[in-house]
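In what comes next, chain A is part of two complexes: it sits with chain B in the first one and with chain C in the second one.
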Partner chain A sequence: MPYVPHTAEDVREMLASIGASSLEDLFRSVPGDVRLGEPLRVPPARTESEIVAWMGGLAARNRRVDDRPSFLGAGVYNRFIPSAVDSLSSRGEFNTAYTPYQPEVSQGTLQAIFEYQSMIARLAGMEIANASMYEGATALVEAILMAYTVHGAGSRVLIAEGVHPEYRRVAETYFRHHPIRIETIPLGVGGVIDPGALQERLNAAGDGPADVFAVVIQNPNFFGCIEDGPAVEAALKGAAGGSEDAAAHRPLLIAAVDPISLALLAPPGSYGADIAVGDGQSLGNEPSFGGPTFGFFATRMAHVRKVPGRIVGETKDREGRRGYVLTFQTREQHIRRERATSNICTNQGLCCLRGAMYMTLLGERGVRQVAERSCRAAHFARRRVLEVPGIKAAFDAPFFQEFVVTLPRPAAEVYRALAQKGIQGGLPLDRYFPRRTHEMLLSTTEMTRLGDVDALVAALREVLGTQKSAPLAPVLEGGRR
Partner chain B sequence: MTRPTDLKYTPTHEWLRVEGKVATVGITDFAVEQLSDLVFIDLPKVGAEVTKDSRFGEIESTKTVSDLIAPVSGRIVAVNTDLIEHLDLVSQTPFAKGWMVKIEMSKPAETGNLLSAADYQKQLDAEDH
Partner chain C sequence: MSPPANAEADPKFTPTVFELSRPGRIGVRPPSIEENDLPPLHECLPASVRRAGPVGLPEVSELDAVRHYTRLSAKNMSIDAGFYPLGSCTMKYNPRINEVAAGLPGLRKVHPLAPEDEVQGILELFYGLQEALAAVSGLPHVTLQPAAGAHGELTALMMIKAYHEEHEPGRRQVVLIPDSAHGTNPASCTIAGFETREVKSGPDGTVDLEDFRSKLDGSVAAMMITNPNTLGIFERAAPQIARSLHERGAFLYMDGANMNAILGITRPGDFGVDVMHFNLHKTFSTPHGGGGPGAGPVAANDRLAPYLPAPRVSVSRPTGRPADGRAPEGPPRYFLDPGGERSIGKVRSFFGNSGILMRAAAYIAAHGPADLKAISEMAVLNANYLRSRLKGEYHLPYETPSLHEVVFTARNQVRASGIRALDIAKRLIDLGFHPPTIYFPLVVPEALMIEPTETESRETLDRFSEAMARIAREARDSPQELREAPVLQSVRRLDEAAAVKTPILVCPCAAGSS
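Take a look at the complex of A and B:
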């Protein structure tokens, strides 16, 4: 076997020491009728240089977000990652470290996670953050589950239409066999939640306002628009006329936020969010076809015993020296079993470490610069794109780094035409919203250059100025010429 | 330890002191010893209804989290809020200052099923911890 490092002599020695005469002996207990009885259909082994060439050929068929002007976002972004993040995070001490159950041999890992938690809590304006979740969608679901436990009375969660559709789908999967019921707060005309409509939903049907245990918003929302956090907070407080009973059963506010936007926009803690979650890909992690990434999770100290996942705490050892440990472990399933509030018992160690390194290297000022540039690029791009005849803005709400335009032709068609001109267009919205056939979500980051916007606008003029393009091909096909 | 013989006990290591219609409830020395370092207690609010054999709160140690089981049904009329700041009262004096809740019993006959101090000790011996 070419991939097994043992020599025939090694095998003989091992067999002899356990008293087996052949490898066949080891499988004698497997019944004959479940045995394959033939060699595995695997191609013959190749040399390393042949394999490298073959894999290289496969990889060359990939498109990247940075190999041509790209305006694709919707949750995964092309961001600058300092090379120090790569070199530091690939150090063996970090890269191969195991879960820090034994604090005495894991102080490096634990301190890094503690610092990560502190930075996330600060960014989000919240009191405490955990050691990270898998990614944004499951972080949101865990937040909903936590709110369900904390609230203790309701069974309905209101999720704004502006929350990423994939996050919503993940929630639907989780709650398929669960008492929790999802209801939608429709997107207002301007592209954000209408607080009046929200309040109506809160007071409507079900078992009364106490039956809603959480409200979920995304900020900026999936359409790029900035939600009015304080207005949402006020709507929650004002539900059911602000009676004492209503106050006691006020729904928890969960905000799914973009981590870079937190450097510029009012953070969730400032508008009364009980739990803040989001995806950390923008913090030092490559897009990598969607992952791996990490989810961040922050909340109030009062709820710490209901928080899912790991939490690192600061403490003192026997000699009074500062040290770090996994704390509040009695919440977790390896101690509480079925009574744990969540069954996650891990974190995205390497990815959140990269996030911590990114935040540390850029600092508060650097992250803010990234946010400002992303925002300015979006406003500049939108102004230029709207100058193209036939293109209209879909919403008029303030926006951060993404915006939706309505095109005179189906967005999926325009996307393909742009690809043929070497431009990675924005996301055609009918991928998630079948009726939004002519809408496209354009995204910019601090990596977007003036030349990219020029190229996009020129291509749009050409595409929209000519006849309909070639026969239909699958949506989001790569830019093959 | 010689346990108070004027108390009733449960198989889940709670004790009960009955005074008229009101029962005071806490956990035994054995429970305290098994839990080891106590760190947190979650008690119900005054006015909450409890049912015999169901959970009325939880106590957390560095090792684990344990449910507190109601020995009788009724309504919570008092909660020992001192325990929030001074959880060591439970470990030091589990049968006195470590009391947890007082329940106004709705079915006083339920106390008939509980264990005497001697029977409780027999159970512990049988489990042979």
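Take a look at the complex of A and C:
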């Protein structure tokens, strides 16, 4: 049996030392009528080399993002990861340790998380950050829960339609049987929130703005467009009115953000956001079919006792040496149980460690270059793609590294046709928005080559060109959106 | 901020990465692209959306970064470096093959939004994992979506909530939880919108049936048990508890944290559990990563299956007519089943912590039916061996047989010299062992909760027993030294009160001033 060191003699002697007659005897507390009388129905054991062959075979049947031009993003990106991230994060001292309950033998993990918190707070322009959460969507849910507690009066949360559909679905799951009610701020024609419509929503129904405890935006939003943060903040202020009392009951602003974009874009803290969250996949974590990544969570110091999850703080030991501990633990489930701020037990230690390593290795300049190149490549790609006859821009707001185009044929069909030409297209938006049948979200990163864009444009010309000569009525009709 | 005054002289001091930073220094350069052909940045982004100044990220060379993290890593205890008997956490060896398998480019470089026909390999792998977890639990329907154990708990509670709200809206608000439960259990209840009602443990450490019955009424939605429980004791009455709950229209949920004790021995579905979560980072050896990532798949019976989160992996197999004697043609096709109307929806984005699921699949593949059972047999053997070796010196609060872990207390040491579980834990550190879990479960004062796991050799267990015996002697002979422990690590005991009183949660050096 693999990974178990005992010899037959060890087992015999240990049983004798215990005073048990057999291994069976050790399980005498498990009643006979619930004992499993047959072997588990799992496949026979494989040796290590057989596992490599088997999983290698399965791996070969998946299409990768890195061995062909790929324009698929929508929250998960093919990014460059420095070799040192893999080599350092796979050190057993990091990878095979547990939550740092015993700080004297966990200073490595604790200091690394403390530095991670510092980097995230700086990126987001906020005062503090926690030690990370599962991923972006659950980080957003926790932010909404915290805002609900902090605000204390309202029960409505307004979530922009431009927030990632996966995030919105997760929020709907969490709040289905909860006093929190979710309302959607519809996407404006330009691809971002229309501040007037937001103001209207704030004042609509219920008790007006006082009943709204939070407004959630994503920036850049799911469609790639950059929201006007200051305008959203102004709408919140305006809705609350001028009095001091009103300002105290002003809804909290929660911004879900892309960490790479923050090297270039105004951070949530600069436009008055109370909580910034997001997914850390872009910071040194593989696409890996969607996980594991980490969620980051940054806010103001004033809210520290309401923050979910672990927090690391600096302190001193008995001899005055600097050290780090898990702190404000009275918020947490292992102490406060049903009154905890969250049920979360751990953070995504290794993933946020990779995030810290990534930001350290690329540094101030490297992360900014990654952001710049992703952004400039997207603008280059959009210009080129829009030269293809029949393709139109869906939105005109400023964008970062993703953009939506309207195609003359259903986007899912175009995706398949591109796949046959060895190109991974962008996301057909009908995956999330059934009525957006002809729209495709194209994404670029620093890994996108100009040649990839050339190949995409050439393939689109071919795919859409052939379609012209085959007059299929439904397809042409669909192009009118 | 400048480092503490004594820092330079202290070889164990590690400056923060911000203190190492020097403006203009570069680590790794990102890929370059054909700059001149791209539109300039000012044409891409209007000034109004731009960040005003630098972020304040560190600026260090690649070697600085490598040394920094290597030095930090040396300050951690880990399974790779030594025995880590942290009770309830199942700190078993994390096989390297799992890392290699999950690191295959055909697995780690795959996008979660790629269409199903582009990810058949991953879907087949995960379908097999769902099947294996169903086999182990005796509960046939499995979701791999939850990202952690506590997330799995919450998922199961949301399913139970959805079931009751559909059948008896507003009526069932209470979840029964034994006083020995993990803190995540009641915390998950609150998030899922339930109230909790505590059930006492009896003198043998298992659920007090009389107390249980007195608390069971028509408002009860479910009971959460852990089996074996956090004392390492099997809840023999689980089938009766399940029957009573079912008679009153409530469910039995099981926290699967302690599955390492019962693989192939008994299946939760067979002792009346309706829904449970697994901790793949415990039972199925995926590394704990310094606090995550883990994965908390949930298995359910037929009644709760419609409420499972979606998507799950399903398969359609080509069918052939037996009459024509030909085998069906073509490979099976795996797909993401979007679930029905009753599904609670998604509990996280995309599919799940896929990289962790891949590691667990590799681990299960290395074990056949007999080997899976042997995991639990050897884990229970090791725990009982430690129990027999430590029983003389340390107080055992429950004589009931132990399975995969055993809970002792520091009662003898507290009475003799005021030495507490915390002191024992800190002294173990200097003797080269990670301490057991202390002060949990809450029902046992001064608890020392020890879970050796199956991958530790007898020699390691003997060395640990000798260290524990030595500490028991020291508690009698030189208690003051125990109160000073640890003295051999990079820091001594840390002032946790000061960390709250004067919080420093981010590196105080101002952006750009380093």
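The working rule: the second predicted complex is superposed on the first by the 409 of 481 C-alpha atoms of A that agree within 3 Å, B and C clash if a C-alpha of one lies under 4 Å from a C-alpha of the other, contacts with A are read in each partner's own complex, and residues count from 1 in each chain.
Heads up, the rule we're going with is that contacts are C-beta pairs under 8 Å (C-beta built on N, C-alpha and C of every residue); 3 or more make two chains touch, one makes a residue touch a chain.
Computed from a prediction, not measured in an experiment: that's the story for all the values here.
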Chain C versus chain B on the shared chain A, clash or fit after superposition: fit
Touching partner for A:335 - first (chain B), second (chain C), both, neither: both
Once both complexes are placed on the shared chain, angle at chain A toward chain B and chain C, C-alpha, multiple of 10 degrees: 60
Which of chain B and chain C A:10 touches, first, second, both or neither: second
Chain B versus chain C as contact partner of A:398, first or second or both or neither: second
When both partners are placed on the shared chain, which of chain B and chain C touches more of chain A: C
Which of chain B and chain C A:431 touches, first, second, both or neither: second
First (chain B), second (chain C), both or neither touched by A:185: neither
First, second, both or neither for A:176, with chain B first and chain C second: second
Smallest separation of CA atoms, chain C relative to chain B, angstrom: 6
Contact residues of chain A, present in both the chain B and the chain C interface: 335-336, 339
Footprint of chain B on chain A - complex, ascending: 305, 330-331, 335-336, 339
Touching residues (chain side chain B, partner chain A) in the complex: 40, 42, 60-65, 67
